[in-house]
Amino acid sequence: MAAAVQDASTPTFRDIDRSVLRVMEMPGTAYWIWIAFCFSLVGIAAALWTRQIYSGLGVTGLRQPVMWAIYITNFVFWVGIAHSGTLISAILFLFRTRWRTAVYRAAETMTLFAVATAGLFPLIHLGRVWFAYWLLPYPNERFLQPNFRSPLVWDAFAVSTYLTISALFLFMGLIPDVANAREQSKGWRKTFYSILALGWQGTDEQWRHYSMAYLLLAGLATPLVISVHSVVSWDFAMAQLPGWHSTIFAPYFVAGAIFSGVAMVMTLLIPMRKWLHLEDLVTPWHFDNLAKIILLTSLVVSYSYATETFMTWYSGDKIEQMTFHMRYFGPWGYLFWVMVLCNCLIPLLLFSPRIRVNLTALWIISIFVNIGMWLERFVIIAGSLAVNFNPSQWAYYRPSITEIMITVGSFAWFLGLFSLFARLLPIISMTELKEGITWLKKALRKDYAKAA
Amino acid sequence: MSANLAHRTPSSASDAHGSVPVASAAFKGLLVALVLVGIAAFAAALSSGNADRAWQAYLVNFLVWLGIAQGGVVLSAAFYLTQGRWAGTTQFRLAEAFAGFIPLGFILFWGLYFGRTLIFPWVLHPIAQKAAWLNTPFLFARDGAGLAIMTLLSLALVRISRGPEARAWQLSSSDIDLPPPILRKIAPALSICFAVVYSLIAFDLVMSLSPAWHSTLFGWYFFGGAFWSAIVTVALTAVILRGRLGDHNVFRNPTVLHDLGKLVFAFSVFWIYLVFSQYIVIWYGDIPVETFFIVHRVYYMPWKAISYLVVFLMWLAPFVTLLGVRPKQTPAILGTIAFGGIVGVWLERYLLVVPSLSQHVVPLGWVELLITMGFVGAFVLCALPGLDLVAAAATSGEMQEGHE
Amino acid sequence: MSGSVEIVGSFADEIGCAHGIEKLREVKAIGVRVFSPIPSHRIEHAIGKPKSRVRAFVLTGGILGIITALALTIGTSWEWNLDAGGKPVVSWPPFIIIMFELMVLFGGISAVLSFLVHARVPAFEIAEGYSSRFSEDRFGVVVRCEPADSAQVESILRDAGAEEVVRAAAWPRADGNAVVS
């Protein structure tokens, strides 16, 4: 590998093209086995969902008082994952951050498929999926309309907007790259890319309007990111339930979303870099910066836990204090402490510059963060519902095989779609890498052994 | 090159060199007079039966001006953390200019001890359930310790930031080299402590004035507002210095004002987001122990008018005005919005503190005005050495390689 | 246009390309078109066209989104005016959220649509002078001028650092080197 780095420290436009387009060649058997594995898990999940539609939500473990549990946890988890992609591609674009270019396409792809996965869960959670269109406003003979005062309707609008804008943003970014791929491919791929590239030729007129549209989309996507996860958090904060009714939820959830999302980017990107031979383009410096974002958001999440704990005591509200006591020391208390370990303690390792460029350590830490953030949503959602105002209602929740397999299926669905995309369309933005080629050369020459 | 330059030694180790006097002796005299008037007014208010108003004004001003000074240093730390260099050494000097007030602010904090019976309702009427937290010794110990840590960290960061190694980094255009190692430790430490300490300040000095009320987002909201108050003060200072420093200062570069305008815009939106996050949760839940705080301030006159004015000055005006590119680069517009922002911040702190202590009357008269003037005088006086350094940096022609 | 000639200059870097364009503006060229694989501020600055009108469309789209949201939420609330949770039938805090989301949605869709319209994309014809290398690693300046000026144009392009300067008709469209099959 040392020899490759020697040459690769001064890449040209052609080198970038070669490295990225090479990924899109016909993949080997191992890849197809992986795809088959993913989509067979999806098939199992789909079968179980079909059974659920047929038999009703009773096949799940949902019972009073815990009527929102794993499905909603998955929904919030996946929407959260989606946010970091837009953060990296849109927000860091506005900040003119250099290192973003090599990772943002993968992150934005992750966003699109994460939102697509998340969007399934409200549908899965509906008992009568065939009435899903009732969420939308349309004229009807009984003059019924969605209740715009309900956070669930805000959610429908927010997530739909986010799905649309993310898709548009990803698509816009792809156009010049796909045009490049069109020129350098043959056969069915050439036809496919030609259609997708919309005849893009990179004239000055086209770039002029493109740059403006891209900048404005980034500018729109930025507040959108903040608003969508805030709206998702308000699904809970609007309720009067102790453990849910808290003003800090909006920014706390946004920080948590970026936290889990950037960790997921790392979980995907580290193996991808190795298996797709992208070491020349995605350097340890990129991961160092991603790790710093993880550390920052981890601190914000820890701050939120501490503030909520303090405020529960300070408020003097006995019911809220009981809810939190059960959260920390009740039957599910072990989940809470695992969560604290994963979200608050393990990321502290990222204060060390050495760990931040050690890709194995980073990958392990990112897995822990994903576990911790999934648990956090579960603890908040199902945990607070289980010990609500009325002790005679208290009951803990047991997930059923349907819910477990659908959860597994959702991960397989996400990974499968992401893997398909990675081989079909440029997973790194060649255009932006070329734009920032001076910076890339510096990053490749940087001596990471000196721990930055 | 400007004619009124004193010493220009960018690589000088001492911060006594390389400074250009910004204020004339007459101006300094005026500031001293303001301080004396403020002290006299405070004493007069104490002895004329307006002691509660005096202490309220003291607390509000303490929060506002210390928030600006501290927020400025945090802004400098943020520049280090994000490695955002767009105006060479000047942006750092500008953000750190008000740090001189921080030690004075620390001393003024202890002054609150003497007014505690009139400021904190729980001193004379302790609340049994919260007494472990809301008692005089513990409150002053924890907040005093927190502010001490912030003072020490801030002064350290400012001192190092003015040193030669930091200045070399500020001027370099290499966008991949990190700041000097010590700054890589102090900047995050300062930022983390800012969030924690100023949340404590918010809970203890503002939220506890209505001890029945609580909001988990309040600390974040408070220090977010303090950060924005520093940004608008920095923007206003940049606009003022632009006019006063002659034709070849860094502030004449339109991208500098543009970047400052973007910061004003962005964090104003962040502020209204934090306001809305609290408002919608409390409004929707409609739980009386939470709503009374908001209702008192937003639904009924006389405080309602002040609430609307605060939202206008801190969000609506900056948002609508600074949306385009040109207005951000126009000094008159940016300066006016920034000045309005500072007034808005003062009114906001006032709106948070005083209705808890004065239910139906909006006390705004000679007491508040003169004490505020005193604080303004003290603040600007403390900031003068820092501003001299800004003037020097802005006129020295020091920019990054690659900028014109 | 009868009698006009198209000359293509191929540059390996954007600085030379921008330099060449600036020099060309002093000549009476009929038209200049630049192909580049990356967006370049230098080239955009050198060409000197006004800012794209996409901005105005996005602003309009955003405002339209806000109005639509207000109409939708207030209209449907009046039509089905059930008291839900004691909140006023037309209550602004929730409606602000919908206003914001639709503002972003309409603004974003306007950005993409106005880009497609202004850039005339999808484009079904290949512009004169285009070569596949201009999507990979070369910058192309295509100048349309009178035959009398063609020598001057060619020398300007060469002085600015063009690797190749040819007539458009002789320019190969495709490279023939496929990387991906």
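As written, the chain order gives the labels A, B and C, with residue 1 at the start of each chain.
Rule of thumb we're sticking to: a residue touches a chain if its C-beta (ideal position, glycine included) is under 8 Å from a C-beta of that chain, and two chains touch if they have at least 3 such contacts.
From a predicted model like this one, the values you see are computed outputs, not experimental measurements.
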By number of C-beta contact pairs, the top two chains: A-C
Of all other chains, the one whose Cα centre sits farthest from chain C: B
Chain A and chain C: spacing of chain centres that average the CA atoms, whole Å: 30
Geometric centre distance via CA averages, chain B-chain A, whole Å: 35
Computed distance of Cα centres, chain C from chain B, in Å: 42
Residues of chain B touching at least two other chains: 280, 284
Residues of chain A whose C-beta touches two or more other chains: 151, 223
Of all residues in chain C, the ones touching two or more other chains: 85, 87, 94, 97
Residues of chain B touching chain C in the complex: 276, 279-280, 283-284, 286
Chain A contact footprint on chain B (complex, rising order): 82, 84, 129-130, 133, 174-176, 178, 192, 195-196, 199, 203, 214-220, 269, 273-274, 277-278, 280-282, 284-285, 287
Touching residues on chain C, where the partner in the complex is chain B: 85-87, 93-94, 96-97
In the complex, chain A residues that touch chain B: 95, 98, 151, 223, 226, 230, 234, 237-240, 245-251, 285, 299, 303-304, 307-308, 310-311, 313-316, 439, 442-443, 446, 452
Residue numbers on chain C that touch chain A, as the complex places them: 33-40, 43-44, 47, 49, 51-52, 54-55, 58, 62, 72-73, 76-77, 79-80, 82, 84-85, 87, 91, 94-95, 97-98, 100-102, 104-105, 107-109, 111-112, 114-116, 118-127, 130, 132-137, 174-175, 177-181
